[in-house]
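The structure under discussion appears below in the form of structure tokens.
Just so it is clear, A, B, C and D label the chains in written order, and each chain counts residues from 1 on its own.
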Amino acid sequence: MTAYLLKRLAIAVATLVLASMVVFAVLEIIPGDPARLMLGMNASAEQVELLRNQMGLNTPLALRYLHWASGLLSLDFGRSYTYSVPVIDLVRERVVVSLPLALIALALSTLIAIPVGLFSAGRRGRAGDTIAMGAAQLGVAVPNFWFALMLIYLFAVWLRLVPSGGFPGWSVGVWPALKALVLPAIALALPQAAILARVTRSALIEVLNEDYIRTARAKGLPYRAVLWRHALRNAMIPVLTILGLQFAFLLAGTIIIENVFYLPGLGRLVFQAITQRDLIVVESVVMLLVAAVIIVNLLVDLSYAIVDPRLRSRQ
Amino acid sequence: MKLWKTILAAAALALATGASAFAARTDLVIGIPLEPPHLDPTAGAAAAIDEVLYANVFEGLTRIGQNGEVLPDLAESWTISDDGKVYVFKLHTGVKFHDGTDFNADDVKFSLDRARADNSVNAQKGLFAAIDKVEVVDSATVKVTLKNPQGSFLYNMGWGDAVIVAPETAGTNKEKPIGTGPFKFQSWAKGSSITLVKSDNYWGTPVSLDKAEFRIVPDAAAAVPALLSGDVQAFPFFDPDSVAQAQGDPRFKVVIGATEGETILAINNKKPPFDKLQVRQAISFALDRKAIIDGASAGLGVPIGSHMSPANKDYVDLTGLYPHNVDKAKELLKEAGLENGFKATLKLPPPSYARLGGEIIASQLRDVGIDLEIIPVEWAQWLDQVFTKKDYDLTIVSHTEPNDIDIYSRKDYYFNYDNPAFDKIIAELNLTSDEAKRKTLLGEAQKILADDAVVGFLYELPKVGVWDAKLQGLWENAPIQANDLTKVKWTD
Amino acid sequence: MTLRFDLPEENLAGILAKAFRNRSFLAGFVITALVAAVALLSYVWTPDDVTKLVIADKTLGPSPANWFGTDHFGRDILSMIMVGARNSIAVALVAVGIGMGIGVPLGAFAAVRGGLIDEALMRLNDLVFAFPALLSAIMITAIFGPGAINAIIAIGIFNIPVFARVARAGALAIWPREFILAARAAGKGKMLITLEHVLPNIVTLLLVQGTIQFALGILAEAGLSYVGLGTQPPMPSWGRMLFDAQTRMVVAPWMAIFPGMAIVITVLGLNLLGDGIADILDPRSRRQR
Amino acid sequence: MSLLEIGNLSLSIGGTPILRNIELSVSPGEVMGLVGESGSGKSMTALTIMQLLPWVARATGRVTFDGVDILAASEDQMCALRGDDIGMVFQEPMTALNPVKTIGEQVAEGIRWHTRASRADAEERARKMLDRVGLPSAQFPLSRYPHELSGGQRQRVVIAIACALKPKLLIADEPTTALDVVLQAQILDLLRDLVAENRMGLLLISHDLAVVTEMADRITILRHGEVMEAGDTARTLSEQLHPYTRQLAQASMHVPARAKTYEVGQGKPLLQVAKPLLQVERVTRDYPGRRTSLFKRSAPTRAVDNVSFSMISGQSVALVGRSGCGKSTLARLVLALDEPTSGAIRFRGQDIAGKSEADLKSARRDMQVVFQDPYGSFDPRQKVERLVAEPLHVLERKPDSAERREMVAKALHEVGLSPRDMDKYPHEFSGGQRQRLSIARAIITRPKLVVADEPVSALDVSIRAQILDLFAGLNQKLGIAYLFITHDLTVARAITDEVMVMHDGRIVERGKTSEVLDHPQSEAARALVTAAPDLHRAIARRLREQE
């Protein structure tokens, strides 16, 4: 168990280090000079050069990487070129939108998907299954931004139940803030729920064909009890894998969804920072998202070990 | 059980807030496209700062009205010495900053001295360049001595960069602005909105609104549903392309005003084949301005024939010089030896006038045999590639600075245009103060640019405001980038 | 997610006969073929010229002349969708090609070599997987400039580890089989065995993954074009059409509805096709019949 | 009064008839053997009794258990019966247990479900039951997970689950097929004891006539979903009235005729034979241990330990041993599919250990292989012609396509298949035919040695007899030497000249087949011989008991 976890941890750390190098390297070759951008159309070459020096853009690449990477470790991400505030402050402001959004979406998709998957697996090949899986097929096929657009016009413009976009901040109260996240969370969650429901169903069907399910049935357990006590836990591994992948997908999905709903989240921050060539912000946020993905995958690996004793006892 | 109670209570609250909309409203949500980097108008050039704070939170000695006129503000009145060098401002008394401290002549001296100091971070230090010294006569009187007379001094003092701040709070205005205006700053949800509330101790006419929220709505795609759903009640700067969504809807008022934005198809004059006059003229003939305005600006916007706003008193109508004429354009290309057409690139910055206009122009130029590859660029790349490195063939951009015809005489400007005759006129213009003479010179300058077809002159960018039909008092024109809410109220 | 599969015990004719009894496959095949046919048709005929802008005809509703209405430049939306289909298909197809072309040899190689090389390749895979694909695609296209080519590369890069994983898992399932031992006993080298026995046996598996990635590619291209980083005008693209539509939902909802439906139907068709293939190959579903 | 009465039972699944007019009964304390070859419907009969058939199955007729009409019983009634009054043991112990639950939970679960006992009480009973099936608490606490147990131990857990509530009827569906003979004997003993202790009825399902004969009081022989013959075990098998019964019994005891045998003189050590075909000298194969931390590995596992032997041309040698004794590893080493950690392997005097494929070409030409699984040993994507021709790859001169077809046709003919089969795919053949294909592939290069790894253990008895005849015939005709790897002593007896007994990686005994099997010297060999079911012996014993 410890060996397994240590190995996963080592891999995670190595991936993180490699990822930071890739991010840094890719972003340093971006065309477009951040100093020129900050100073605007009328600045002279000398002024630009001066700012480049101030921003440390003229020091060697390797040094800058080391400086940046060591900063990351102490949560010092540097200062944003465009906002001229510490990046960590920006991140702190934005993460309170993105993280709840991703979590709500994840919870929503899980809450929809698992029961649907259970329902369908139990009625394999019958009408209920066909309808549920048909709906799931449709859900997988719908682009989330288009779906978001439809949601906005239906629920915000026409029915006026929820705001069409924007985020009032948690300070105005939990309810208005949640209200602002309802549509984005649905737009993010439904396509994911469709995928998850399909995976849950096929994982369950696979497990239900296993010999030990027959053993459990031969014990006299009714079908329901077998499903809940024996099948579900064994089916968790593929489901957990997909959940882990979906977290990455949700984080990325928020980029477009946050733009559609103009939510001030990390996705929007990074999108704007890319267009404004605010390298420090892009590097930091991308690293943060990558780190989140890696950590979630580590957690998934860990949960495998919790679900599956075979991994636990592996020496 | 408890949970249900909470949910019910929350739902009831939501209904209550919804219901209150039927009473006379005193709150307003205004959409602005960009978030200000900070909230100190004396320390940044970003228009978004003034859009939120000017006249609402901060006030200057003078202010600029919605038609561009200079009005008294914190200065109740003023006298100007005969030589035009000494201005004595009589200040309002009983004025308090939002933090409760009194406003007096010392604050004026502090603000002006701070703005013109060597280490000043003021984005428009030029406004204060003429000031020689600022003296406090008494607590309600300030004397400003200029180095030399300056006709625009009172106008300059009306800029957002010249607002009066208190010495105690000047350092923290970026995060928590403290001014003398009718609204005081309440909160800033970063990336989302800035909220102002009515200031109780305002010295002047009290405003009708209790609360004003400036919500950052970054693009038209978000602005349209925000407007239609009633989330945001006013967009003083609405994307013209989307205006059809609100036009004809009785709930909304659409106000078309003028800007100083000449929208042009900029041409790299040194890059072959654009160095040939015939080619540039052919492009001008190929352009169908009406289609461009209809397609990219919802039919709003006045065609132009040179680099001057039709609203300008010195404007000369040259739009007849290059009517839409495909045959003529083809003929000119043939003359230039390009009867088989050629390929070029068209770099487009993000605004919809450029992106939509670019598609239309590409289609129109294709009709005369010029095959354009459209390359969308972000502003950063545009500044880098087009503006700085002049690595482009064609681009579309709106030059929004007023009276900026002189850019064509700048050496090394991105048009790569070099005409000594034109430079001479501009040089002469700079030395001329006689109105009539200036008008003649400006007319000549416009004529030369049109004749040379330096760029493809398209149209004057409209200022489109859309707001709730029950809302009154918002500015219809935009002499400066500001959202003056002092006269805004809801009617029923 | 690795697909569980078994080797089909039939030849091609048997598989085909089975395929056309499978509802998923049949529906998917018909839809996909239809989309492909429409895309091909657009090369020789469209109801209207999509390169010609007639501003005067802008945002006309659906009518006998323009079945799906016109867009903000007066172009026929049906024609735009037809031409857009070939763009979507081309982008997704090439991106899948990149993913397969690089990923499958890598995965097969990792399975053959095992040990450190396998470990290194799989860790490299992990690295790519750690980057949210869409975010990275946005970064790549934003850095190197928007456009179909960069979109293809950005989508393609993230297909590589997917195919590498599937190919490796498939190959690892094939290698312990006795017929591989038999081939080795017959003196065949690992390269030859990979080519003769391993790849032909995971082809169907790759095909299933291919349809999935194809569908995802179409969605990704639409997403990138929607944020303005994918296919550039004047080439029509479904995502781009949705981008143009979103500010005109009130006056021209058809601009959003029809391209959106086109995406949904195409992706649905591909997914059904993939499901159908997987069904046919799944020994359990066969046992049921 | 019978415990279980099946009358006129017919079953169809999705319209395909599976069972026809089955008649069967089991009385308390009685062992009923249900015998048949694959596809005869044995397992379906068991699942019908348990009502665990897929929902598309339709059963008609009469199944009465302890007065309950099973076919008409509701799912709730069945749940009450299953695990409480009827227990069931399955064939595959490796997959029959839920991998994520402890053995304690899995045994106690049924107890708690049926008796509503408290967790502690149920665990107490589970503990006792596990003790009873031979898993004492010291070594096998309730908190063990299935993957921590061996196959035999897991089968004991499955039996504990099935017998935890002392059911009236136990159904055991091929309970020992996946185990080696020694474990098989232990599990059969356990079942026999449990039946006797609790006066349970046992329905024992098996393809192995010898196993059933040793265990069952009465026997029912099934073929293609129909009962061929039923009756007292000893009488049925000794009289062999029904032709199918006779066929089965004879196939089970079949010994192919072999005129020539290749024996080394009595007492002459095998190693010292002149001009041996194959020489294995002091060969050891270690597998690296599992990594325990980043830097440490556990001690390596020694699969083959200092093994030496040799074979001469035309000789047929059996390598027997329990599962996991290292015999398959040794086979792979001989085939140069794996490299020894130390030691030397010489084939026709040429060293083949650790050589490159190119250097091995000539050796490969003379050395071929036949695998156990007739289904897994062919690439389903290729036609017979290519598959059978695959070893031609190592020929010095590659035959052209006409020559190739000629050679394949000849090989097919030699194994009793038609040259027309060349253009078929492997799935178009039955299991026995595929094993013929396998042999055709092995002999196409006219090898001197064929290594056969359990070549008949996946086949039904009648097919097995035919394949053994084929092997024997080819040995006589072509003079091919065989290294037969098997756990089945009847196979060894039937076809080999000499036997090597392998245990824990070592060869512990070798000698003439009949001598080793009749008078085993080593403990390992003795265990194998005593545990191996033998139809002759079993019938004899039954008859004795009845007298």
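Note that a contact is a pair of C-beta atoms (placed from the backbone, for glycine too) under 8 Å apart; a residue touches a chain by one contact, two chains touch by 3 or more.
Since the model is a prediction, treat every value here as computed from it, not as a measurement.
**Q** If every chain is reduced to the average of its C-alpha atoms, which one ends up farthest from subunit A?
**A** With centres defined by C-alpha atoms, farthest from subunit A sits D.
**Q** I want to compare two interfaces, B-C and A-C. Which one has more contacting C-beta pairs?
**A** It is A-C, judged by the count of C-beta pairs in contact.
**Q** Could you state the distance in Å from the CA-based centre of subunit C to that of subunit D?
**A** That gives a centre separation of 45 Å.
**Q** Taking each chain's centre as the mean position of its Cα atoms, how many Å separate subunit B from subunit D?
**A** About 87 Å separates the centre of subunit B from that of subunit D.
**Q** In whole angstrom, how far does the Cα centroid of subunit A sit from the Cα centroid of subunit C?
**A** Centre-to-centre distance between subunit A and subunit C: 22 Å.
**Q** Could you list which residues of subunit C touch at least two other chains?
**A** Counting only residues that touch two or more other chains, subunit C contributes 142, 246, 249, 288.
**Q** If you look at subunit B, which of its residues touch at least two other chains?
**A** 221, 225, 228, 378, 381
**Q** Residues of subunit D that touch two or more other chains: which are they?
**A** none
**Q** Where do chains touch, given as pairs?
**A** By the stated definition, chains touch in these pairs: A-B, A-C, A-D, B-C, C-D.
**Q** For the complex, which residues does subunit C have touching subunit A?
**A** Touching subunit A: residues 1, 4, 123, 126-127, 129-135, 138-139, 142-143, 215, 219, 222-223, 226-227, 239, 242, 246, 249, 253, 256, 260, 263-268, 271-272, 275, 284, 288 of subunit C.
**Q** Quick check: in the complex, which residue numbers of subunit B touch subunit C?
**A** Residues of subunit B touching subunit C: 220-221, 224-225, 228, 239, 241-242, 244-245, 291, 294-295, 355-356, 358-360, 362-364, 366, 374-378, 381.
**Q** State the interface residues of subunit A toward subunit B in the complex, per the touch definition above.
**A** Subunit A residues touching subunit B: 31-34, 36-37, 40-41, 82-84, 90, 93-94, 97, 152-153, 156-157, 160, 163-169, 171, 175, 179, 259-262, 264-265, 268-269, 274-277.
**Q** How about subunit A: which of its residues touch subunit D in the complex?
**A** Residue list for subunit A touching subunit D: 2-3, 6-7, 10, 210-212, 214-223, 225, 229-230, 233-234, 307-310, 313-315.
**Q** Which bits of subunit C are touching subunit B when the two form their complex?
**A** 51-53, 55-56, 58-59, 72-73, 142, 145-147, 228, 232-234, 243, 246-251
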